[in-house]
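In the two complexes that follow, chain A is the common piece, with chain B as its partner first and chain C second.
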Partner chain A sequence: MRVWRQGDAPRRKRSLGQLVWGLGRRLHHGWRVARALFSSQYALMLEYRAETALWALSGILPFIMLGIWSQLAVPPAGLGPGSGADAGGIGLDQVQLSRYFLCAFVARQFSVAWVVYAFEEDALQGRLSPYLLQPLQPLWRYVAAHLAEQLTRLPFVVLIAAVFFLLQPAALWIPSPARIVATVLAIWLAFSINFLMQSCIAILCFWSERASALERLLFIPYLFLSGLVAPLQVFPPALRAAAHWTPFPYMVAFPAQLLAGGAVPIAASFAAMVGWISLLLPITLLLWRAGVRRYSAMGA
Partner chain B sequence: MATPGLTALGMKGLLRYWRTLKRFWGSALASQMEYQVNLLIEVLAMAGNLAGSLLLLWLIYGRGQQLGGWSLDAALVVLGIYTLLDGVSSTLLRPNLGAIVTQVQQGTLDFVLLKPIDSQFWLSTRTLSPWGLPEIVTGLGLAIWAALRAGARPGVATLLGGALMLLSSVVILYSLWFVLATTSIWFVKTWNVTEVLRAALSAGRYPISAYPAGLRTLFTVVLPVAFLTTVPAEAILGRASGMWLLLSVAVATASLLFSRWFWRLALRDYTSASS
Partner chain C sequence: MAIIRAETLSKTYRVADKQPGLAGTLRHFVQRRHRDVAAVKGVSFTIEAGEMVGFLGPNGAGKTTTLKMLSGLIHPSGGMAEVAGHLPQRRQADFLRQITLVMGQKQQLIWDLPPLDSLRVNAAVYGLDDATARRRIAELADMLELGEELTRPVRKLSLGQRMKAELLAALLHQPAVLFLDEPTLGLDINAQARVRAFLADYNRRHGATVLLTSHYLADITALCPRVLLIHEGGLFHDGSLRELSSRLAPCRLVRLELEEPRPAAAFVSYGEVEACDGRDVRLLVERERLTEVVARLLADLEVRDLEVSDPPIEELIGRLFRQGAVT
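== the complex of A and B ==
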């Protein structure tokens, strides 16, 4: 399959017009490559719809935790029909909890990265070598695969959310359009952070065959600090502040609160996410260059 | 396929299975010892998971609330049993049952079926990964320590009841995994179902009474999470009723028999990889 065609003309002095024209051609070319990559990956992912459905279902942890926290939010008998805020002392009522955990589920669904597993398999089975020969950074292939998978996931997530609202009609709400746009952007940034962190680990496959074990270790702080198992509001202030020094709360809790309509420092959170990306991106690229050099040095 | 049931085998047959088991695990241990860095990773993962779970319990109990009427120490017994079962999964279930789908895909299941030994036994016990052992030991230790702190009095009845319930829960867990792994005979790509199972079973970190009524029913009747961690914890704490003990043994027996019946059913439809 030939996706890429590079017509790199011999270098010579160019006029401004030529430069602009060249840039335009380049952009057009990039767009064509992206479209070809995405549509081929989407066709591939459609073949795995059943698997995607199961992946989507395996993200039910927020709903289990909703069960736990909503029991704690229920006012103890005898306190009267407060039904209201802060009955259980956790600062969130039943409806807010339901919305938060549903949104956490959605944020997790569209920010999942599995590049370390795909990359490890490709590296072990020798599929990586032809990818390296193509004049396209192989990581783009994985980006396209992830985005295509997110698209095949969408119907299942909508279905699960519909079932959720059938069971909990009181939690139904329509977020404002501005919040929706901001959430999509936040989830997209969260996915970028996740993807870059996992790529760093994936690239370590060049050095060690057990790199995916590191991913298991990284998943643990993610699990407990991202807001998947408990809303960050219930953390003691010191712990919450400490968690915000890590990228994890921005990967689930921030987009979830944004969508659920909670009060969050929007600008500061977006700035933090961009900061993490601009830290992780150069690391990933540097590791990649070192890794590929090592890979070729092995004579593969 | 003539696969004599374990019950039909005489004492001699049992001895033969025991010797085979020793060979299987001896060779598995010898090869796993080549990868000792795994031990470090597993211990770190266990410590991290336990720390996270403790953090969550602390968040709840620290504000003076309780999980479904369980004291912190009693809830720690449940967490200990969950850790123990997780260790059993990574020692025995995942290495063996995870390999079934590969065998179906590559057609090597044929060779297993031709061996003069029960195929379910071979597939379930062929290998062993020792790296789950720290989790088993820590989980058991945590459960016993927390039970003592919660005021459990170790007596013969409690010990026997606790051991029996733990055995039942391991059998139930095994049967669930094995039935799911068996479905790969029909649908080769169903390995992701076990991810769904794992996600659902993580509900077993907390006592079942901590959930709302709907989920409680779901986790008792449909997916027996209650029998995996809550019932053994009650037994270790010495407050399980006889009815629950009997029910748990019944569920364990039924699920083991079902897994056996289901495997035979699947083999009847098995037509090897190429055909």
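== the complex of A and C ==
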């Protein structure tokens, strides 16, 4: 059997100017692709704006949990909500509790990932095939779709927050610009973690056609350990410590506490998020490389 | 110079083997059984740059699998493919910029947006600047007779318009090699003819190499001087349609219109009676005996009209596929 090799020709040494020029061209190309992908996906999401609004509305679990925790956290006699009383001895008063769950809602809205479902459907319907035959890593299309969807959600999230403040005026606060910037970064990193975790599962579609079932396994730990149903302060210390060895608290609880003005170890949390991304990214890429070899163009 | 080369290319799929019924389902749940299915068995051929080649074969013969291997979508189980100087399965960016794979009924256009939105994405992905993209879109739209369809949501387009828009999207980067899998599937006769004319024109203008599968033999006869006939995973024929016709049927079809009706038995000595309906008779006659048989027919019978032709290629191929008689 003949051995076919490519790229065996010795590489010419390039000058620094050529390298800078090449890098500039690649960045320009990347920017054009990102802009085109984002604008087309945003146009698509605007077509589905009603669905996006419903998705935003369906994420009100934190508000339900707020209602439950507020009932449990009966303030001492003579003190009403917003009185500053400690809600049930969890270290948060009613106002802080309200702010926390509002921030958890916001963090969840902008860090949610659904790549596993979109990818699985594309793989089963054969839509993945044309993506694989273009000189662009297909996962970028899903990143663009998620970012476009987040932008489409923004007005609905603002609206829901406005209604929340109308109902709970005592909870109104304006975070410092530094907190806002740090929160945006934290939410973006939280989205990255969530996206990469889901991508790892999505890539399993190359082996099992229904990989989304595996995603359900992650949902329960995500629900409880991310801080969606309860602030991590209410967890027993051992469970809280264990939770911080998983990526889940960084996906909702950390950005939410950051925005709500809570005392959180900011540098350590950001470092942990970067660590999780550094771990998940190569795993995703390795799985991708192995999965594509197995791909048999289902449904194509 | 060969731009596509396949050497003993083969692909084996592992498929789950499940018996029907409850017992089969439970057995399958407890202990999964698989079997290997050889979709392509050691196919070898080369295609020169600029050639238009038809890829024929029944459903499940391995045509699409071969196209997928040549385009790099799936890895071969054995053998080797080389396209435009690349190993397809590596899917290097330089290779992907030179090829396209169009699969009829499968779409790359975004369903709820106008084709122009998808075209903008493709232009960016393939690194076309705005002016080049606009010029190519205009040129291809002109060739495909597409106009305001490009600004209408894809879901609002007819099947023919959608297929043309898909072709535009697939050819925007001006690939040198086109793998077309049933590009006219489901289209009406007019739309088929337009797509065929476009492909011929594209090949002429850009010197592109085309490997085309189609169930519509009209696509193949109109576009492809050379055909590859794949059957049960193996290559059965590589040559012109006429050669294929000779190979499949070393006979010619003689149609007779007689003055007086005759029974079928009256024609047995002339050749194989394919049909006999009173005055209208169809005979298959060996090529070497054709002159002699025609002379005898004219001498023995009162013939109102006589026509000699090759048997329809569809019939021959269909017969081959039904018989499974590959030699």
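Basically, the second predicted complex is superposed on the first by the 271 of 300 C-alpha atoms of A that agree within 3 Å, B and C clash if a C-alpha of one lies under 4 Å from a C-alpha of the other, contacts with A are read in each partner's own complex, and residues count from 1 in each chain.
The criterion applied here is as follows: a contact is a pair of C-beta atoms (placed from the backbone, for glycine too) under 8 Å apart; a residue touches a chain by one contact, two chains touch by 3 or more.
Because the structure is a prediction, the values reported are computed rather than measured.
A.B. asks: Go through the superposed model and pick first if A:Ala170 touches only chain B, second if only chain C, both, or neither.
C.D. replies: The answer is neither, since A:Ala170 touches no partner chain.
A.B. asks: Which of the two partners, first being chain B and second being chain C, lies in contact with A:Ala268: first, second, both, or neither?
C.D. replies: In the superposed model, A:Ala268 contacts neither chain B nor chain C.
A.B. asks: Regarding the shared-chain residue A:Glu51, is it in contact with chain B (first), chain C (second), both, or neither?
C.D. replies: After superposition on chain A, A:Glu51 lies in contact with chain B alone.
A.B. asks: Is A:Ala43 touching anything from chain B or chain C once the two structures are fitted on A? First, second, both or neither.
C.D. replies: A:Ala43: touches chain C, not chain B.
A.B. asks: Return first, second, both or neither, reflecting whether A:Gly67 touches chain B, chain C, both chains, or no partner chain.
C.D. replies: first
A.B. asks: Would you sort A:Val234 into first (chain B), second (chain C), both or neither based on which partner it touches?
C.D. replies: Touch partner of A:Val234: chain B, not chain C.
A.B. asks: For A:Arg293, decide between first (touching chain B), second (touching chain C), both and neither.
C.D. replies: The second partner, chain C, only.
A.B. asks: Indicate the residue numbers of chain A shared between its chain B interface and its chain C interface, in ascending order.
C.D. replies: 48
A.B. asks: Spell out the residues on chain B that touch chain A in their complex, using ranges where they run on.
C.D. replies: For chain B paired with chain A, touching residues are 35, 37-38, 41, 44-45, 48-49, 52, 55-56, 59-60, 62-65, 67-68, 187, 189-190, 192-193, 195-196, 198-200, 202-203, 206, 210-212, 214-215.
A.B. asks: Which of the residues in chain C come into contact with chain A in the complex?
C.D. replies: Within the complex, chain C contacts chain A at residues 7, 13, 68, 71-75, 80, 82, 85-87, 89-93, 96-97, 99-101, 103, 106-108, 110, 112-113, 117-118, 120-127.
A.B. asks: Hey, which residues of chain A end up touching chain C in the complex?
C.D. replies: So the residues of chain A in touch with chain C come to 1-2, 4, 6, 29, 32-33, 35-37, 39-40, 43-44, 47-48, 126-127, 129-136, 292-293, 295-297, 300.
A.B. asks: State the interface residues of chain A toward chain B in the complex, per the touch definition above.
C.D. replies: Residues 48, 50-51, 54-55, 57-61, 64, 67-68, 70-72, 88-90, 167, 210, 213-214, 216-217, 220-221, 223-224, 229-230, 234-236 of chain A touch chain B in their complex.
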